[in-house]
Every structure is written in C-alpha cells, then in structure tokens.
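Below are two complexes that have chain A in common, paired first with chain B and then with chain C.
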Partner chain A sequence: MFSIQAFLDSFGPLLWAARYTLLVSGLGIALGLVLGALVCAAALSRWRAARFVAALWVSFLRGVPLLVQLLLMYYLLPVIGINVPAIVAAVVTVGICASAYISEIWRGAIGALPPGQSEAAVAVGMNNRDLWTRIILPQAVVMSLPALVNELILLVKASSLVSLVGIMEVTRASQAQAATTFRPLEVYIAAACIYLLINLCLAGLGRYLEHRMAV
Partner chain B sequence: MADASSVEIRGVDKFYGSFQALSAIDLSVPPGKVTCLIGPSGSGKSTLLRCINFLEVYDSGEIRIDGRMIGYDAPGGRRMSGGALRRMRQSIGMVFQQFNLWPHMTARENVAEGLLRVRRLRRAEAMARAEAALEKVGLGDRMDNHPARLSGGQQQRVAIARAIAMEPRLMLFDEPTSALDPELVGEVLGVMKTLAGEGMTMVVVTHEMGFAAHVADRVAFMDRGELVAVDTPEAILTRPEDPRIQSFLRTFHERNSF
Partner chain C sequence: MDWDVLRQYAPILLRGFGITILAWAFGTVFGMALGLVISLAQRYGARPVRWVLQAYIEVVRGTPFLVQLFVLYYGGPLVGLRLDALPAGLVGLTIYGSPYFAEIFRSGFDAVPPGQAEAARAIGMAEPAIVRRILLPLGLVSALPALVNFSIILTKETVILSVITVPELMYQVQRMSTETFRYLEANLVLALFFWGLVELISRGGRRLETRITRHLLERPGHG
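This part shows the complex of A and B:
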C-alpha cells in the first residue's frame, strides 16, 4: 500500500538535501557561463591555436559522459596533489562540462545574427569593442536565454550524478531515506516532485526573462 | 552641401578566390552629384559599392575619397590601420537593402548610437541630433518605436537618418528600395531626392530606372564585373549604344510592363 505518511515524511530530508542540488547546479552554471564565454571567445578568435584548444575542449567535454568526468576529477585531483572537498570537485567538474555546451550555445547565437548587423556598425565607423558590447552581445545573449535555461534544467538533473562522489544531494538522500524507511516508492515519488518543482520554477523564470528582454 | 566628397576609382580589381568580381574598374564620382549603378544581377554593383567604404577589400587599383586612398596606405601598399579606416568611414554613410537596423534599440537609439560611440557626443546632444535627423525623414512621431514596430519604408528612413545624423559627405545606397512593398518605395525615394537636392554626393545601386532617369547626374552600367559605360541618364537609358545595355533595358522593360 502507498503510504501518504511516508511520502510526506520524505520531504523533510529531501528538501534539506536539495541545498546541494541547487548549489551544484547553480555554481555549476555560474562557472559554466564564465568559462563558456572564454571558450567561445577562443573559438571565434583569429588565432588558430586558440580555436584548436576550444574545439578540443568542447569535443572532449561533450564526448565523455559527465559521470566519467566526475570520477576522473575525483580520482585525478589527489594524484596531482590537489586535495579539495568532494563538493568543490563536483562543482568544478559540472561547471567545466557546462562550459562546453554554453560556449556552443553562444557561438550559435552569435553566428545566427545576420551579417548586416555588424556591417551597419562597421559602416558608421564603430570600433570592435563597441561592436561587441553594443550590437552583437546584447542580441546574442537575449537569443541564447531559452537555451541557457534549458542547459540549467539539464544541470539540475545531471547534478544527481554527483551523488556518486558522495554528495548528499536529493538523489543520494533519497537512497538513504529509502534504505531506512523501506518505502522506496514514496521516497522516489517525493524526489521526483522536488526535481519537477525546481525545474518548473526555472522554466517559468526562463519564460519571464524571454518575455522581459524580447524586443 | 559645401563639403561634399568626391570619389575616384582607378583600376580596381576584386577576386573571390579565382572568380573575378571586379575587373579594372575606373569611375569618377564628382562632389555633390548622384551616380547610379545599374546592371544585371551578379554584375558586381554591390561589390563595387562596398569597396568604396572598404566593407569589401579590393585587391588592386585604388579608391580615393577627396584624394585620400581608402583601405591601403598607398597603391599596392600595406593595409590602413583600423583607426584610420574608422575615421574615414565616419564621413561615409551607408544604406543597405535589408535596412540592418539594430532591433534591440528604438529608432532614436539606432540613430544616436554612432553619435555616442563614434562621434563621442554627450547624450543630450546625440539625442537632439538623432531627433532632428528623424524629423528630417518624416519620423518625428516614431522615435520611440523599435524597428519591428515600423513598416519597411519607415525602417529604411530610420536607416537613412542613422547615416545622415553622422553628417557624412558621401552616401552609399545598395538597392535601398528593393526589399520594400511597391507602395512604400516612394517615401524612401522622396527622402533620397531631398538629400540629392541638398548637394550630397550619392552613389546608388538601384533597379529604380525612374530614379536613375530623373535624379541621377550620371548612370554607370556594369556587366560581369566590368564597368561598361558611364554617361548621363539620358545617354544610358534612352539611347544606349552598347548591346549589353540595350539587352538589359529590354528585359527590364519586359519585366515591368504588362
């Protein structure tokens, strides 16, 4: 029999664990945005070496499963003498992985701008910095918002993978809860509700931003 | 206009890979005059126009604006510095077939942007000049609209205002009315006629033979990357000697009469 009580009781520990889900995905996307901007700049750079590094970065991080990247990072860091808490390694790995997708999102948005946008700026004598900060980026960022929100939603879900390196986020907390209460169904339904709630909020935020920033 | 520019084009070649888009082009554009470029599709009209403000790089020959070479420091020499090129471009206005307005800015902001970023005017001054330019093209009541809220004709007039607000001495137009519904062509040509009347030097790529016939001082005909003839509108449009011009005008009239 489905126990309403067990279902409701699961929310306490799971919501507490959701801190880590939000932390890993929130800091992960923040790091991903910063690194993604750098990788995107490298990909669009006129230096061949920079473009090559960016291409390598993107294809490695998109080609290897995040779970493998997490384990690699987890075991690699101590070997090279870096001892950091698992949560730091997890956030960094998630951020690095996200940067590959985010740089591609931005490269796509920039590439989708009609060439006439830049030509009009160049024709009035605008310099490169103003061309980027006033014409290209404001449009590219707005265009990329739906894809970025989508990426964030993927990260919230992917953050369940960091349970494997011992972080007590929603998924790991569910496993623990299920093991003590012997009510796995109730617990995992509660976990699903929490992920769904977070992502519905994000989707709403995305729609709001799109609406606000649309011209 | 007291200080309208002249343009001297001599021996200009332009290649896309092994394809020669411009062959030994010679053309003089006298100050304060309107020169129309006509010719079949793919003949190199846009390419030539875009070489004048170095939006397109020409490979040899020279283009001089008021005697100053654009793009290179000397014929066959090194490329001009970015700063020097930008300074020359400030006094060359350009209007595109697709308007190319910046969609995230209002009409006023579109026009003020160059004044703020390139001319480095104070905000109040830039806005005042932007408003004056918009008034001039008859859009005084549309300044706060974004381009998406304007008709094609209105957008193209904003684009013209954006160019003239910079107080250029030369204006380049690349088929400014080709993307417009027929009933909107007149308002844009009207603004261009006014500019011509004020003595602006204008180079206009166009398929509007009426404009070429009535407003242009000179008409240049291009075919396959060559400049076939330059003469008065009358000579080119009503009694052309070159068979290529005759055949172009014949297909043109067939297309536009029924």
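This part shows the complex of A and C:
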C-alpha cells in the first residue's frame, strides 16, 4: 500500500526541483508587477486608444487558459524568429498572464481610495505628479498587498503547468520520479505537500500583511 | 490556417467541445453542491468536523489542480480507486472547485445581516427553516457574482484535463496539431475560441446578476 519510504525519498529530488517552481512564480510576479503597472496606467489613461488596448489585453489574457497561452507562446516564438530557452518563454508567458490580473488589482485599489484624498491634495495645490507619487500610489500599493500575495499563491500553482513545456519544476520532477519508482501515489502526494508548504507560508504572509493593514 | 484541415477534424473537435462543456457543467454543478454542503457543515457542524473541513479547504486550495489530477488518476489505482480518464477528470474538477465554492457561500452567508436570522428566531422559526428561507435566499444573492466568476475560472481549468487524456477540446486540438503539424494555428484558434467562450459566459453571468439583484435596486426608499 502506501509506502512511507517512497514518500520520504521523493522529497529530495522534488525539493531540488522546487527552485524552478519558485523561479517561475517569483520572476513571473515580478514581470507581472511591471507590465501590470503599465497596463493599469493605460487603462486609466485619458486616451481612448490606450484604454482600448488595455481592455483587450486584460480580456484576452483572462479569457484564455494559461495552458493554451503557454503552448501558443511555445509555438509562436520560433515562427517569429525568437529562439530562447523554454524557461524564458515560460516565465514571460506567466508574467504576461499575471500582468492582466495585477493591473485589475491595482485598478481596483486606486478606485477604492476615498475621492476625498485626491480632492484634498488638489485643494492644497498639489500638482499632478505629487498627487500620484505621494497620495494615490503609496496608499493604493499598500492596499493591494494582500491581493498581490494571493496572486502569487495562484502563480505558484499555475507554475505546475510549465511542466508541460518541459521545465523541470516540481510537477515535472514528480512525473519523472513516478516513472522511475512506479510509486505515483507517494510521489504526487509529496509534490502536493511541497506546494502546500510554499502556499501556507505565503498565505501566512498574506494574513500578516492584512493584519498590519487593518488600522 | 488551412480550413480544409478544420473541416476534416470538425467532428472530433465538436465532440471534444461537448466534453469540455460537460466537464465544465459537471464541475460547476457538483462542485457548487459539495461546496454548499461544506459551508453549511462548517457553519453548523461540531468542532472536529469544522477542523477536518478547514484542512480539506486548505489542502485543495494550496495545491495545483494538475497535481490533484495526478494523485487521483495515477495514484488512485494504488489504493483501489480505479477511474477512467473522464470520470477521474469530472471527480477531480468537483473536488478542485468545492473549497472555492464553499468559501464563496461562507462569505455570502456572512453577508446576511445577523438581524435577519435573529428576527426569524424571535418570531419562532425553527433553525432549518431559517437556513432554507432566510440564509439561503439572501446569501445566494450576495454570493452570485463570485459564483459566476468562479464558474468562469472552471471553464479554463477544463483544458488541464487534457493532460490525463480526457478527450476534451484541448486534447483533440493537440491530437489534430500533431497529426497535421499545424501547432501554431491550432493553438491560436483554440485561444480565440476560449476567449470568445469566456467573454460570452461572463456577459451572460452579468445579465443574470442584474436580473436576480434587480429587486435590490428597484424598491423605493432602499439604498
């Protein structure tokens, strides 16, 4: 039946592969934050064309399954003459996908600020740049932190999909391990434990931030 | 894109689409039912029951759907749970969705003002009647947008079933592209198709929401 030995033995290779899980989700959220800021800026811009592009970006990336996006990128890049390692393509795809969700998180946070804040800033004669860098953005970024941690948890889980384009992260390593040991149950449960461990840590971080923010 | 190829593969693509819709509907309906049971058991159950359910919610929400499917489909037979790909996929989707639905129902129930249940108790309503006539109708209305939202997320999760060889749309598209070597076109069409589907469902969902919450807006002297 369930072999504790096989279960424990799988942790070695799986934990070693977890560095790719962390890499893909970590770089993915970093890229997502940068792109997400741009998309959010476009969505709030006064130019209609920019708003339209942002809306299209968000709608497409939230409407298409990440697995399809990954395969699309995987097959598209060589056709347009870009040859990069699979890991780069994977991180970029995860980051692009995350940017759509993150821009919505930030748009929501900016929208949730009491209008009195910016009215007061304008009333005391602040210019537009100070209004954004001193009043709106600091508050909106702090407000969005719990949602961003949540997004990071989603990315850790989503990173399991990059196993399908050949990245040796936890899921792919567990497939390899299961294929050599013929103990899929033990190996996949061990993989689940690793994801759970990472995500419980992140959820703890999220709760801490939420607690800090509740003034 | 070579349209002849699409015409040639139309029957299997349609069959795949049928299975995608089946998986989505099954996962949504049964995931929601299981989620409702979990959220009610968490509200009224004994403490050990609540602990077990909380652990279940944490574990399912903390692990990737792909890994859950692997445990179920490849690990299941070792403990005597032998499921074919499609049933394993349907069960997997139900399990995956249930804790999210449970949390949505929980917050929906929490959003019902406590005065409502207290008033019902004060006029002598029994607890099951309070659940059926106060908590459920009011909680469901406030949970509706989140329920629609999560069922849209489930649409996209169905493609992961292709990995355990459930013959849904993604699986058939992969099969078509390996047979015709048109990987890019096939995946592009698939992406556009899902985009359209998700837009359609979310528009339908929004209309449903405005219809069901209409009474909240129309009553004069409210809000």
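FYI, the second predicted complex is superposed on the first by the 209 of 215 C-alpha atoms of A that agree within 3 Å, B and C clash if a C-alpha of one lies under 4 Å from a C-alpha of the other, contacts with A are read in each partner's own complex, and residues count from 1 in each chain.
Throughout what follows, a residue touches a chain if its C-beta (ideal position, glycine included) is under 8 Å from a C-beta of that chain, and two chains touch if they have at least 3 such contacts.
Bear in mind that the values here come from a model prediction, so they are computed numbers and not experimental data.
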Exercise for the section: Evaluate whether chain B and chain C can sit on chain A together after superposition, giving fit or clash. Expected result: fit
Handout entry: First (chain B), second (chain C), both or neither touched by A:R134
Key = first
Problem - Partner chain(s) touched by A:P184 [first = chain B, second = chain C, both, neither] - result: second
Exercise for the section: For A:L164, decide between first (touching chain B), second (touching chain C), both and neither. Expected result: second
Practice task
State whether A:G12 touches chain B only (first), chain C only (second), both chains, or neither.
Solution key: neither
Practice task
For A:A123, decide between first (touching chain B), second (touching chain C), both and neither.
Solution key: first
Practice task
For A:G204, select first, second, both or neither according to whether it touches chain B, chain C, the two together, or no partner.
Solution key: neither
Exercise for the section: Please determine whether it is chain B or chain C that touches the greater number of chain A residues. Expected result: C
Fill in the blank from the handout: Distance floor for C-alpha atoms, chain B against chain C, superposed on A, in Å, equals 17
Exercise for the section: Mind sorting out which residues of chain A both chain B and chain C touch, each in its own complex? Expected result: none
Handout entry: Footprint of chain A on chain C - complex, ascending
Key = 58-59, 61-68, 70-71, 74-76, 78-79, 156-157, 159-160, 162-163, 170, 183-184, 187-188, 190-191, 194-199
Exercise for the section: Using the touch rule from the top, collect the residues of chain B that touch chain A in their complex. Expected result: 53, 55, 82, 86-90, 92-94, 96, 98, 100-104, 113-114, 117-118, 146, 148, 159, 162-163, 166
Problem - Interface residues, chain A side, partner chain B - complex - result: 114, 116-117, 119-128, 130, 134-135, 138-139, 142, 215
Handout entry: Touching residues on chain A, where the partner in the complex is chain C
Key = 1-2, 59-60, 62-69, 71-72, 75-76, 79, 153, 156-161, 163-164, 171, 174-175, 178, 183-186, 188-189, 191-192, 195-196, 199-200, 203
